[in-house]
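Please see the structure below; I have some questions.
Chain IDs A, B, C, D, E, F, G and H follow the sequence of writing; residue 1 opens each chain.
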């Protein structure tokens, strides 16, 4: 069985790549997916449909186009990893976690210890809290290979 | 028909009370609910089940007990209002929004203009973005009374 | 048992009132609901949230606010009546019919014979096609009273 | 991942072919589907089951046979494109949009600016409004390739 | 708690009345419902919508109108009793049983021993097979009162 | 796309084979499935688990084992064909039809004209009524090939 | 809002009564329910439908009749309390917990510390682990009254 | 069609291997899966995420990580086999059975005759009770090959 894993959240460090590489090195039967992670591309996803004077509508159009990809991939995934970094609000990551929770879709979180209190509701529905990409890889490896 | 409205998010200003009072003044057939909004009570919800040395588990126990209330009330509501204030991470509010989105539960957001970009995914699934409790009351009034 | 019936579609004739009055005269245990049927109120439902230069966004805001009411009432109804008049596109009525069909929610249509071909997909999922409000009342009466 | 895209609506212009060709030129991993788009074949789909004197029943039989294909393909698709042309009622397109909305199936619309008011409910649940097949192709390309 | 019980099937003996009376005598908190049980009324339910030359369409119209009542009541019931008599095909009763099974709705059957083989699939999904209305009443009494 | 079609009902004539052969001759991308159609094998499916003195329990065990196959195949199919012959009660066929109806699974019926009245509820939820295997093949061909 | 709470599991001590009394003393808006807790009545629930020589079928009949009550009450509850005592296998309690988990129904467990390892899967899906009826009452009180 | 079968429960005898070998010998198109069956690996699944002083939290972390695998595989399976051995509480097996029952996922049980009374609720929702791996293989063979 091939597992589909969705990687949600922070786009300013290379955590995604570390997880992907870690799983490749172990030859795990995994396919990863995520939202568009190019910040500018994501913000301007709707621009070609016409300019907007109000930033609210510009954001609205782009966010909806991005959601075509996000929702489909979350609904098809077997496991989601939700990453919270040190900076920014990252409400979209928490939104994805809530979305997974309501669907009964398993997810694990990846964040530092200093934000556990702010993330307690998100962690309460998670199946694991990890602090490093290596730990995520270990969980994936164990889930797939029993080792 | 009586409408059930869930009020999610920020607990440091009186926005909930303003909405409740606004609707009472209009005699709208609404019942409001929300999570436990007493910050200390919420944080210590699980303490009576035994002390924890690690703050992660203390938070975990409390967050899960709080979720009994939150999930049930969200699933029973006809509309949710998700409020984001100026401070704090408020990931639980974004989590609730994602939870509503996955259930197909209608929600509207209440937040200032300066955070619209950070909230674009949350707003993209909302049925309205409001900036004041008065606007929320107007939407409720209109939905219930056609005026 | 009280039945909830949602009346969707055309707002330029008094078909809703005829059905309501017909059922009242028979003392049927029915509660009717519908979208906001005041055309101007419906079109301007979102105006108080700020002006829009583009009519697309003005419509968008109003349509979403209206959908809070529409979706909730459709999901709570036991039967929907979908009315198509002679004029206008009335795509919202067909949209409501498709929404009911996907939910497995029973609906009947009310329209003249001259548009049966254009409505064949909508009628194919309906449980009855009626041509007058009296016929709708008869179906409601029969369903509720066995007579 | 291969994406399944359902193309619903108007059958009198070559918008489907433009989208298909546009995606082929980009080598996108997409499979398109749609209802039977041959107007006469669609209208006469049930004729071989016996003649009908009443056009209502002729339409009824054909529409139901067509729905075997339509419902299955919509339920299997990852994205639907709903096209409204200048002419005809096209209630089946709005019906498909409502069907998608109730299933939580992402859809985008394709129509000219002059009908945005009549389509406001349909657009309110869409993830994008496009005006040309090229724009549709761009959204598909972006969703699939992040570019 | 009030229990809703749907009584499906044979309409030529007074089994429904025996169950209703039996439960009334015990003051059980039960509300019973069923399809329209007047054979002629049921067969002619759609006649007022216009005559049909083909009996198939006459039956079709009536059966669909009857299904408004049947489906709603089955979906609202807590328990269904499916009765098969000695005569007739009673395919509608088996259809209701399959409908309940797919919804996960509990049902019990009521029929004589001589047809157990023909009903083995229907009984395999039932929570009990009874042979007399008295036995049905006992199950209802036990379920409601623990005695 | 490959279509999965479930063939339910009568096992005393070769209607299944006629449909399979008809579709093979047309090279249609169809996979057919059905319950175990060997009457004796089906009736004795549970015998190896121990003898039963009561025929009710013998039937019960076999029917449940058969249902592993039936339910899984119905839930995976894209279309079901429900066949009613001239003889026997065939309650299992009607049960399968009700099961499909509750799941929103498209089905068509195959039976002679002389039993349309008894099957009116089953036909009312079907997407077509056919009288010969050739008609079934035509519907499958049309659904798959648009011709 | 009135809360429905289902009490599942051990029937040899008075834990149910302690919870009920504790909540009554606090005037909490709760309605409790449970399976039939009279051991003999539960075991003999199906006896009136005819004697069985094999104890498997006697148990089978009784367990199915009991499940009418159990499933309905679990599906209607807002919270379940699952109690494991010191003795017996109590597989039905673990079965109820799994049933709740799959439905997304919140549940808490009530058991001594010495069996936490054996119950780790059951506790992993619970929203709290309690050791005394008083703790259960406190959670109910807090969930209902915010205190 | 390839069938996915989940093997749940006891890990101290070779029943899984007997079933797998039995099906291999018959060349059945089956893919088997199960939880991590190495007792120590399963118990220590969460240890690499940091030590816990309380055994409850150690178990909690491991059980949740194990549930990523278990839930996904149960939800993807077509049939589950739930095995209860002579020793231990095996509440996780009963939990899996309840989980399957709520999802409408077919399952069969495998256990000796001496525990049928304790397992009556678990067996009441099962599609078969077997006593040996050979019997399980026969059911799988019959379901897949009709023989």
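As a convention for this text, a contact is a pair of C-beta atoms (placed from the backbone, for glycine too) under 8 Å apart; a residue touches a chain by one contact, two chains touch by 3 or more.
Predicted, not measured: the structure shown is a model, and the values here were computed from it.
Steps from chain D to chain F, minimised over paths through touching chains, total 1. Looking across D-F, A-B or E-F, the interface that copies C-E in more than half of its residue contact pairs is found at D-F. At the chain B-chain G interface, residue numbers used by both copies make up under half of all numbers present, so the two copies contact each other through mostly different positions. A separation of 23 Å divides the Cα centre of chain C from that of chain D.
The mean-CA centres of chain D and chain H are about 44 angstrom from one another, to the nearest whole unit.
Note: centroid distance chain A to chain G, computed from Cα atoms, is 37 Å.
If you average the Cα atoms of chain A and of chain H, the two centres end up 31 Å apart. For chain B, residues that reach two or more other chains under the stated contact definition are 64, 67, 129.
Those residues of chain H lying in contact with chain F across their complex are 1, 3, 78-79, 106, 108, 127-130, 135, 138-139, 142-143, 146-147. On chain F, the positions that touch chain H within their shared complex are 31, 33, 36-38, 41, 45-46, 48-49, 61, 64-65, 67-69, 71-72, 76. For chain B in complex with chain A, the touching residues are 55-56, 59-60, 62-64, 66-67, 70, 84, 88-103, 113, 115-125, 129.
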